[in-house]
Amino acid sequence: MIISMKPGATQAQIDRVCTRIQEMDFQVRSIQGDERVVIAAVGLGDVMHAIGVLRSVEGVENGVPISAPYKLVSKQVKSGRTVVQVGGASVGGDAFGVIAGPCSVETEEQIMACAAAVAGSGAQFLRGGAYKPRTSPYSFQGLEEEGLKLLRKAADAYGLYIVTEVMTVTNVQLVAHYADVLQIGARNVQNFPLLKAIGSATKCPVMLKRGQSATIKEFLLSAEYIVTNGNPNVILCERGIRTFESATRNTLDINAVPVLNELTHLPVILDPAHATGQRSLIPPLVRAAIAVGADGVMVEIHPDPERAWSDGAQSMTFDQFAKTMDEIQPYLQLWRAGRPELACVPA
Amino acid sequence: MIISMKPGATQAQIDRVCTRIQEMDFQVRSIQGDERVVIAAVGLGDVMHAIGVLRSVEGVENGVPISAPYKLVSKQVKSGRTVVQVGGASVGGDAFGVIAGPCSVETEEQIMACAAAVAGSGAQFLRGGAYKPRTSPYSFQGLEEEGLKLLRKAADAYGLYIVTEVMTVTNVQLVAHYADVLQIGARNVQNFPLLKAIGSATKCPVMLKRGQSATIKEFLLSAEYIVTNGNPNVILCERGIRTFESATRNTLDINAVPVLNELTHLPVILDPAHATGQRSLIPPLVRAAIAVGADGVMVEIHPDPERAWSDGAQSMTFDQFAKTMDEIQPYLQLWRAGRPELACVPA
Amino acid sequence: MIISMKPGATQAQIDRVCTRIQEMDFQVRSIQGDERVVIAAVGLGDVMHAIGVLRSVEGVENGVPISAPYKLVSKQVKSGRTVVQVGGASVGGDAFGVIAGPCSVETEEQIMACAAAVAGSGAQFLRGGAYKPRTSPYSFQGLEEEGLKLLRKAADAYGLYIVTEVMTVTNVQLVAHYADVLQIGARNVQNFPLLKAIGSATKCPVMLKRGQSATIKEFLLSAEYIVTNGNPNVILCERGIRTFESATRNTLDINAVPVLNELTHLPVILDPAHATGQRSLIPPLVRAAIAVGADGVMVEIHPDPERAWSDGAQSMTFDQFAKTMDEIQPYLQLWRAGRPELACVPA
Amino acid sequence: MIISMKPGATQAQIDRVCTRIQEMDFQVRSIQGDERVVIAAVGLGDVMHAIGVLRSVEGVENGVPISAPYKLVSKQVKSGRTVVQVGGASVGGDAFGVIAGPCSVETEEQIMACAAAVAGSGAQFLRGGAYKPRTSPYSFQGLEEEGLKLLRKAADAYGLYIVTEVMTVTNVQLVAHYADVLQIGARNVQNFPLLKAIGSATKCPVMLKRGQSATIKEFLLSAEYIVTNGNPNVILCERGIRTFESATRNTLDINAVPVLNELTHLPVILDPAHATGQRSLIPPLVRAAIAVGADGVMVEIHPDPERAWSDGAQSMTFDQFAKTMDEIQPYLQLWRAGRPELACVPA
């Protein structure tokens, strides 16, 4: 890290900064400058904490970290890309992952119909919520374990893998019993007890959704919580960030795909349903997700979106979904052809 | 709610909207308009869900709710203001609440010194984190139950009430055993299992912090989760929202105080430490909090901020805190004088 | 527009709202409701103003517009799509527009080299700033008319059309004398005197960049200023909005492309250089722009980006640009194949 | 500035960075580090440009400026505070400035009534728009010079000073002929030709409003444009920034007051009318503005807000304004008592 002192900082102030640096497990490497002193330090201490503290020491003007605060998820510790295996399928490898299904599991009939549509389109992953985080306490909260059972039945009937959300530490084992991929929702991106539990208690693949206001750095630190606690099978999912624009439910941060591809070896998928909240906007964004080099997409489908128990506005009908899956085939061909190159991140 | 159809919407489309409205437990009250049809509906259904669904029905242009989605926390169900009793003290009543203490409980010596400083300044609430939500897994995570014990000891020694964070459902009973006010942190504002557990399992007063990207409506819905599950003793805390401005850690949304005073009967306090991240900015914002009509403030203090284990940059020294508490006395006098009027919210 | 009254609003309050509605050139069409009265009104008045006023009238709870505040740029007044002709080329029609060139015109040698690179790649539009809006007064401000002359010379030498910025009313005629497309920069998206002048004084095609914090509605209203003053040749350019994310210079709002395609008949292009600020991120976003259905892209190139007088970090080298133009050819083929369908906006 | 190289950067890359640094008018002061090289440089070049360029040079990981990019507006070049004299009144000195008046000048009767109310309350500044920047081309655009004449007449009749907006370079002399303080609106905060013209063509005091998405650094650079072009009489006005929160028109960034007081010697006022858009929220925010240490406030008043031609929802009635002015007197007493201390900014 680099600490710059205010012009006219005294020697006593500089000495104090150096003492604090050492107390926090860093070594001072150089002290430079005439009118404005700049101190460089390296070490194994907690750099985010140290910068915060040092900024408040008298005589200090600014402090900046040099190395990133995450480690295990960083390109710098693993040069290849992580391919997350989910049974016989994978995300991050040679196949573009398509995850589709209803927002919520509602009935056996509904989830079986969805599974049939997913399998029919050639996708391999069935999504569906059994535990639903809802903004209002008066909205439908999910079928809970009953929903997980229906999901498993439907997935097994059609040879699909399940992606479903776990909302709390006490349910990790239960959900992992039924699911193939554990989803951590956007609202839980900084639910650290949950991240730790999923890191330490299971090796089940995890799809971590970016929070509405999580920076890319914070998003990677949340992934780091999972990996450093023992579970390396993390898929990152950008699902729209909160901005001033109200024409769409959120703003899809498509920049995040190439940025993450430069910073991390973990696979990255996009969720255009939550990023827009509007069914008609999804097909063009699925095409964009492929073209920008994402590893997959997640979309919502429903046999009768106008009667969906949640998120109907952003759920595609089966026909729309099938049409979209057809339309993207030539884009997927280009994606596959470009795959070796995408894997080599530019210097 | 009001649903407006696109110009040229067909009768079949209008009929379909009316059917959907009824299916979702609303009654159509009127259908109006020549070139552009507008449908009004009332009822007890889930209005947020219904608007979402109806916006996706063919022929619909827009849908807007009329009544707020929260109920129990709303001014419309309770005309007076809620005063949250905390032992012999209270928040929301005649006294301006000052909550002060370190970011984290570190050692017995540290928390005892803080408690002495808090009591010496005339404040009644001691804060201190035993379970710490930290962005990085490599940062200090709190002393856990040991921290709670130290906190209780310090509070008891100086006749103070404790405000401390609970991060997960499994810890609610444990933290409530030691604490006087349970804090729900900004990152957990939409941790719905936690909100439900705190609503149903305890009557212990709760301080709910606004999330970095929670709208005021979402913030109130999170409070509604607690109240509707059985615990009416909720204090709201605005602590800065995430914006593009990087000169401060967050942007204090001071507008939220008069807005919340118009919408809800719950008390509202401000946290200028997390809203700025910078010690020197806190005293003027404490004055502003009093003048704008907040019910209290929360600040961080530390015997030696440069050696704090967390949040040192925004922690005041004991001298700064004592000086600030002195300086605000004439403002508090005006606050008390204006109290009867503040209680009457303008039409 | 729809005005909803608070529960318990008096008849006098309702009458007063109706009077105000009529004073502002609207007609009341219906007054509905028992516990909560809802008033619908139509007319030719200024709806944004009227809603603002009515929200402040005693007894009113909320007011919402139904029709969009823009007219001429709306799909509702023109069903086909606008194709902006620029000499023998066009934007919005059958060809994907590629605008490339340096951030600033620096020297004859530089701009001639850029023009050669642009023409060599098959693109038809040369960009380059002669008047530069710079955040700091101490940064290079552009060569002014001398820059325009160099730009014209370079464009003519290679058969290209010029896109260049005009910053102030007093320069419109001068810039229009040299340019083929007048660029209105992001900072001037609400410089209304400039919008009016460009609307009334010239028919020269205009590329209007979205402001960093302009909503899509405001962006369209700014376009409306130009069109309603007499110049229908407007190209919209999304170039990144300002959000909390600091990993990139701005956040590309790619959602805006399909949203604008539903709302307006004007062509829409993307500027991934300003939206990211980072050269390495541009190629994947150019691919995404094509796939999402934009009408073109604008990128920055420079013979020696590290020595560019402005925006070097986001300027591609000629080699990178040529490589990118090669790589996108199969995507452009899909774009052209999908063009008839893209033109039909979903209901 | 400090440039940090990636781990493993080659000597050739380091040499190249040093060459670029020198080409941009900086001197390399030190090159440090073993696994990760850090280069410090000082000089008189354009630091914002240099950082931008260097970040794109191969082998560079990051670059950070150390000194602020603005100079003349900085505390570092002028230790005392700027008091802007406006005739016999001032802003930034011993008196808290209150600027009040209608959004737009509408009629002689209206502006005379407003002036009487302003003078009657003890305020010294009359605001009123004659040139109005309106989001929609179909909204009222102002009375232009006729409005300026009415404003002058009203101000002279009641011994007030005028604050009014100038929107374009061609009108600077005309508006300055009538006005005592030239307002630069939020939408023009980066209209650099206008800033330069107001800097070079007049010494008339200027009130510069912060843009909706201007960072504090950008805001100060815009002020720098005016000062470095010759006009040192700049008053800064924070008027709300654009965030995700939609309960209010904008979010008042009250943090900006103490932050600006640490960075600049220029006076800072707040505009709670535009920051909230809602009349009932203004009185508490005026109190907060005083308590936080602002140099003044600007508010909107109207004889009949429901019939205002613009901004009626945020305009106070004369009664509300008079009541607010009464209520703030004890706060103003505290403000005056604290003035000497406020003038000394904390280290």
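Going in written order, the chains are labelled A, B, C and D, and every chain counts its residues from 1.
FYI, contacts are C-beta pairs under 8 Å (C-beta built on N, C-alpha and C of every residue); 3 or more make two chains touch, one makes a residue touch a chain.
This structure is a prediction, so every number in the text was calculated from the model and none was measured.
Novice: Of the other chains, whose C-alpha centre is the longest way from the centre of subunit A?
Specialist: D
Novice: Which pair, A-C or B-C, has more C-beta contacts?
Specialist: Of the two interfaces, A-C and B-C, more C-beta pairs touch across A-C.
Novice: With chain centres defined as C-alpha means, what is the inter-centre distance between subunit A and subunit B in Å?
Specialist: Centre-to-centre distance between subunit A and subunit B: 27 Å.
Novice: Please tell me the distance, in whole Å, between the geometric centres of subunit A and subunit C computed from their C-alpha atoms.
Specialist: Going by mean C-alpha positions, subunit A sits 31 Å from subunit C.
Novice: Would you mind pulling out the distance in Å between where the CA atoms of subunit B average out and where those of subunit C do?
Specialist: About 39 Å separates the centre of subunit B from that of subunit C.
Novice: Would you give the residues of subunit D that are in contact with at least 2 other chains, written as numbers and ranges?
Specialist: Correct list: 213, 242-244, 246.
Novice: Contact residues on subunit C for subunit D in the complex?
Specialist: Within the complex, subunit C contacts subunit D at residues 16, 20, 23, 46, 48-49, 52-53, 55-57, 69-70, 133-141, 167-170, 187-188, 190-194, 196, 211-213, 218, 221, 224-225, 228-229, 242, 277-279, 305-315.
Novice: In their shared complex, at which residues does subunit D touch subunit A?
Specialist: 2, 4, 7, 29-30, 32-33, 36, 38, 40, 42, 58, 61-62, 64, 66-67, 76, 242-244, 246, 347
Novice: Could you please specify the touching residues of subunit D with respect to subunit B in the complex?
Specialist: Going by the criterion above, the answer is residues 213, 215-217, 241, 243-248, 251-259, 262, 275-276, 280-281, 284-285, 287-293, 327, 330-331, 334, 338, 346.
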